[in-house]
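Going in written order, the chains are labelled A, B, C and D, and every chain counts its residues from 1.
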């Protein structure tokens, strides 16, 4: 076992951190105070700097402009980016584009690659992923009401979706829809690329989430699909392969999110220390001299470090043993890291008192937005059940 | 011991609940979607209905237009009002006006009563309470930087405050400022009434809290006081009596808030049941059939009921034994109930999945706004330390 | 609502407390250091004193020598008795005799009453309750392997039981066995009185529990029933009525246990205060001056008081609304109070440091023995599921 | 980063596991059912087998008969040994002999090495460590009442100790006593070797801990030292160097214990899976099919794995960066791992129901004995405060 990070990577991560501290953190309040257009304009020159530093799109292969890293390295980069809300966007590896690009790279036709993948990899267009439906529980992803019926060489799509995040201003949608209604539950849905402005794609609203409907990249659309027609060649992967493709993305995507959360924890913890180390609670008495504050700090440190190693271990397993063998590890990190995130941000707010409630720090933003971590990509409960079943399988199989 | 509520009160509470369900809950989304002026206009006829039903201002004596109730009854009414964010406002017992009116009633000159108390008791004007300062830890209320120096028959006020909630649109401020800098720490500050538009009162901003700066009643102002002059007769209570007056308000104010939180819990729990009892997670399989959901429901029920009895017991103690004897009980309810509130709202969101993150239900509003419950009026940590010290006092005194 | 306890009862409880402090607590170590015979000999004169004070058997009607109290009063008495492990035994209301006596009183034949109930009510003989089976999950009590087949006017019993607590030295067993194998699951088992020395009742062992097999009253027998024959008239209640009878006992029995646990909490809390208030951690610095200790004290106080009110409310409901209406309340208290118990005892041990691990205080006894509180009479998980189902029933019924 | 364990070590650990499963686990009940003499007799041939396999004393250098391993490897071995209570004893690396041998090796005179170290390293004699005092809080180790006064070439020792674990049957004591009363607090105490049968060493009792006074190795003595005289050359290290020596032992000792606890977790988790995978709760329905059981399993898996990586990382840091740099990591693992241990064992008991309370499984032994993990070597609270202070030091130093 060797817990060291090789020196070049270490140096690269340190440089990224410095860049993020110097250039991104100072503008992080923009996200909650400006329109997305204004934020995007502020971010544009920073994205160019990232490209110039050869850090752009660490999840994508060089042939399409990325700086491909292993899953473990990607995790460590995601941690740095996670320290400020705009990090991943500026580094060109923001969800859902990051995962969508990987899908198109593996499963898109040449035409699709030319038209969608390359400009997206360059950061010129954005995309979205349209899966969640208001009428069906997201915790059971095999139940979908949206259908895509093959008529001649076209799919005809009808249905209703929400939490199609970042639809607003996007160029295309990767849609999950039932194409094989008579297949086994896990083989019913397919992924289909739909241009965002295709006739019949109705933008109902940006759903107001935690107080804000947002806009542009920072939004969650409700959409209605009525008789939307796309060429059959827009199918990604095999018919009914939607879940198989989703599964493929799952491992790296999970690492991406978990390490992003640990980046948030890292920053929140840094803020806790600074607050405890500078705020006076009485003449000459620092907040950090109080045992109850010390306990919050100590527990956070241990929980963050333990969760971080758990996630990095899972990343390493994907790199070295393949996703299948790493599957139980990947189930464990989702709920474990999401709960550490919630606890740490909550403690950081508590330590900041009234200030923690305000938008003068980034903490209240994370408190609101990242509550979703325990819900999206499967709620805690689903992952716990899933992990336990994997672990119990040898016993169940005996029975 | 008798846990029954007397039939007339029971009936009154039931009628209030029905009214709140029928008239207030349907418009509760206004608070996050409209300006305060629009909300106030919507609320105005409802306030008239409340007056007509003789429910108005249950915390105030009849001679100034209230429908005075015991602390226990007030708690039960606060619970009903708490079921929707506008409840207390429509019933004329919203913080900080409720407590401020009690202060003016007890400590205001006749002139102050005429000019401020009576119109406020009628709901015509609003007020605010200006105590918290950004530079000093709210957890240690005896440290204040704002001063009021007596010059002739005027107080001259200088200082900086924030979280002067509802300043925006208010008629007057009750300000906490140091008037006796050389006294013992707890006898330094006084309460002084300051007209909101007095020269030198500078409105810096409505602090953005959990994503919103808000406005009108629903706002938290940052203020700068520069050479503000008010007549010495605007002093409430004795010089240096600020904390004594604050203490007086404390018991009933604490019950008010705790029962408001339990009203939120009551509603959130109702929503949990409805969601679990109607949402399908698979063909013919309700969310509520899942053990992990059942556990959230059962734990919430037990925690809410236990906390509710704890708060009602404290209220009963104030009514029957006086605040001094009830003091330890009042310390206990603050942190205990605030934590139950946070847990229950969090579970309710988890049960609602993606919907819980949206503003399509009131849950996300409470999740954001009520995080403050563990901070204002003293953070959890301060109350725990205070309660323990009261309980250990007999031992410490021996030592 | 009236939280006061009427003065005579208050006085009686105070007198009981004083008696328990003065006479029982000083000998509480006997239980872990002496044989049951020695303990029983020590307890005998104390039981006489309790009788002389007219406190004996508060759960039994006067006609058989008890001092019958309401469920609420019984709860308050149980709380006092719970402050030391021998309390209930000395007061003649120890499980399982207390519940067994109630069963015989309601459902026993005159002969059974003469032979078993009266001497037990006088404290001359002891009994046990034989239900749990090693091969079947106790969480699902309708599954039993032990059968009682009616042959002529005798039941012939075969099966295996464990956790037949206090069998050792008992005069009779109340046995739960399947008599109606073809009935609906809840109507299969009956309660039958079996003399402890009936031929075919084989004492396998006193199961070693948490390090001790114990003996006499303080033991948990494993038994094998082989062709045990008892008169059909030993049946208690109707054939197949076992669960109905168990249900009858349930409410008061639950209050008994929960208040016993709260008596333990009361004592453990008292010990926490004394320890924190006297133990020096540095020159002139008491343990209780530490915030982390203060937090344990404050949280314990709030949790104990809240749980206590929850249980007393359930008791009051049984008295005033009947067990059926109180059923959800009774489900809630079981898991809620058991968890408070575990937390409080755990914190008390932590506060006592190394001393808490020793048998020099009673804490380690409770830590070991009362871990069972979250398991017997249905584990937490079963009660949570049961409570949630009761609460969700109106929704499920609609569906 | 490389999370793999090198193949030879992997193979060795697997062989140890197999040996422990085959030979040690079958006799683990002896510890609670037999005298120490009987247990020791059973263990003796197993210790010979361990020697034959060249696994003996992995913490000691080869020149005194050990099979020296790095801190990380020692941790992994300790994890295997931890799977059964006798593991470390059979492998010759049980506390306190393991740490005492390291002390003698580094700081003992040649004579001491001949007389005490070599036979102990061979497993022929045992030792103990005498530090904790009943009158002084163990959480503040610099306060000691026991003194050793140099008179001529002898130390004269007076004082009272308890929790001198394994004194019963030992050959020698390493005693912590104040030799330099006028030095700074951390430089007052020294370590002195005292023969267990030295005149004046009075064995007061084996303290009854969690229900058992135990005996031999499995005991915790209370001792009184009255005018005990030992040669000045029995001093280990420099006068006043007691804490420095203790500090030296700290890192590896902490890893030893934490990994032992994780070995317990590993076994308890294995038992949870087996129980959940085989116990029927209803006809054809396994315990493991219940969501609340699945959650216990999933949470345990994630917590164990995360804590394990945290501890291994700390071990790796000691090996690669030295103890000083690893100090904060070592503080974090103590409380973090001890709490995971308590949670996992508690859940394992809950899953086993009534069986979990019995001594038919090893779980109740660990539940009792390992409660001490959160107390000895500094309670949780002390470690949290210590970790926070280390982390806040840069800020405090600035202030």
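Going forward, contacts are C-beta pairs under 8 Å (C-beta built on N, C-alpha and C of every residue); 3 or more make two chains touch, one makes a residue touch a chain.
Quick caveat: nothing in here was measured; it's all calculated off a predicted structure.
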| item | value |
| --- | --- |
| Of all other chains, the one whose Cα centre sits farthest from chain A | C |
| Between C-D and A-D, the pair with more C-beta contacts | A-D |
| Length of the line joining the C-alpha centres of chain A and chain C, rounded to whole Å | 52 |
| Euclidean distance of C-alpha centroids - chain C vs chain D, Å | 37 |
| Interchain centroid distance [CA atoms averaged], chain A/chain D, Å | 43 |
| Residues within chain A bordering two or more other chains | 290-293, 295, 381, 384-385 |
| Interface residues, chain B side, partner chain A - complex | 32-33, 132, 134, 136-140, 143, 162-163, 207-212, 279-283, 287, 290, 292-293, 349-350, 353-360, 364-365, 367-368, 371-372, 374-376, 379-381, 384-385 |
| Residue numbers on chain A that touch chain C, as the complex places them | 290-292, 295 |
| Touch list for chain A against partner chain D, complex | 1-5, 72, 273-274, 276-278, 286, 288, 291, 293-295, 297-299, 301-303, 305-307, 309-310, 312-313, 316-317, 320, 328-329, 331-333, 335-336, 381, 383-385, 387-389, 391-392, 394-396, 398-399 |
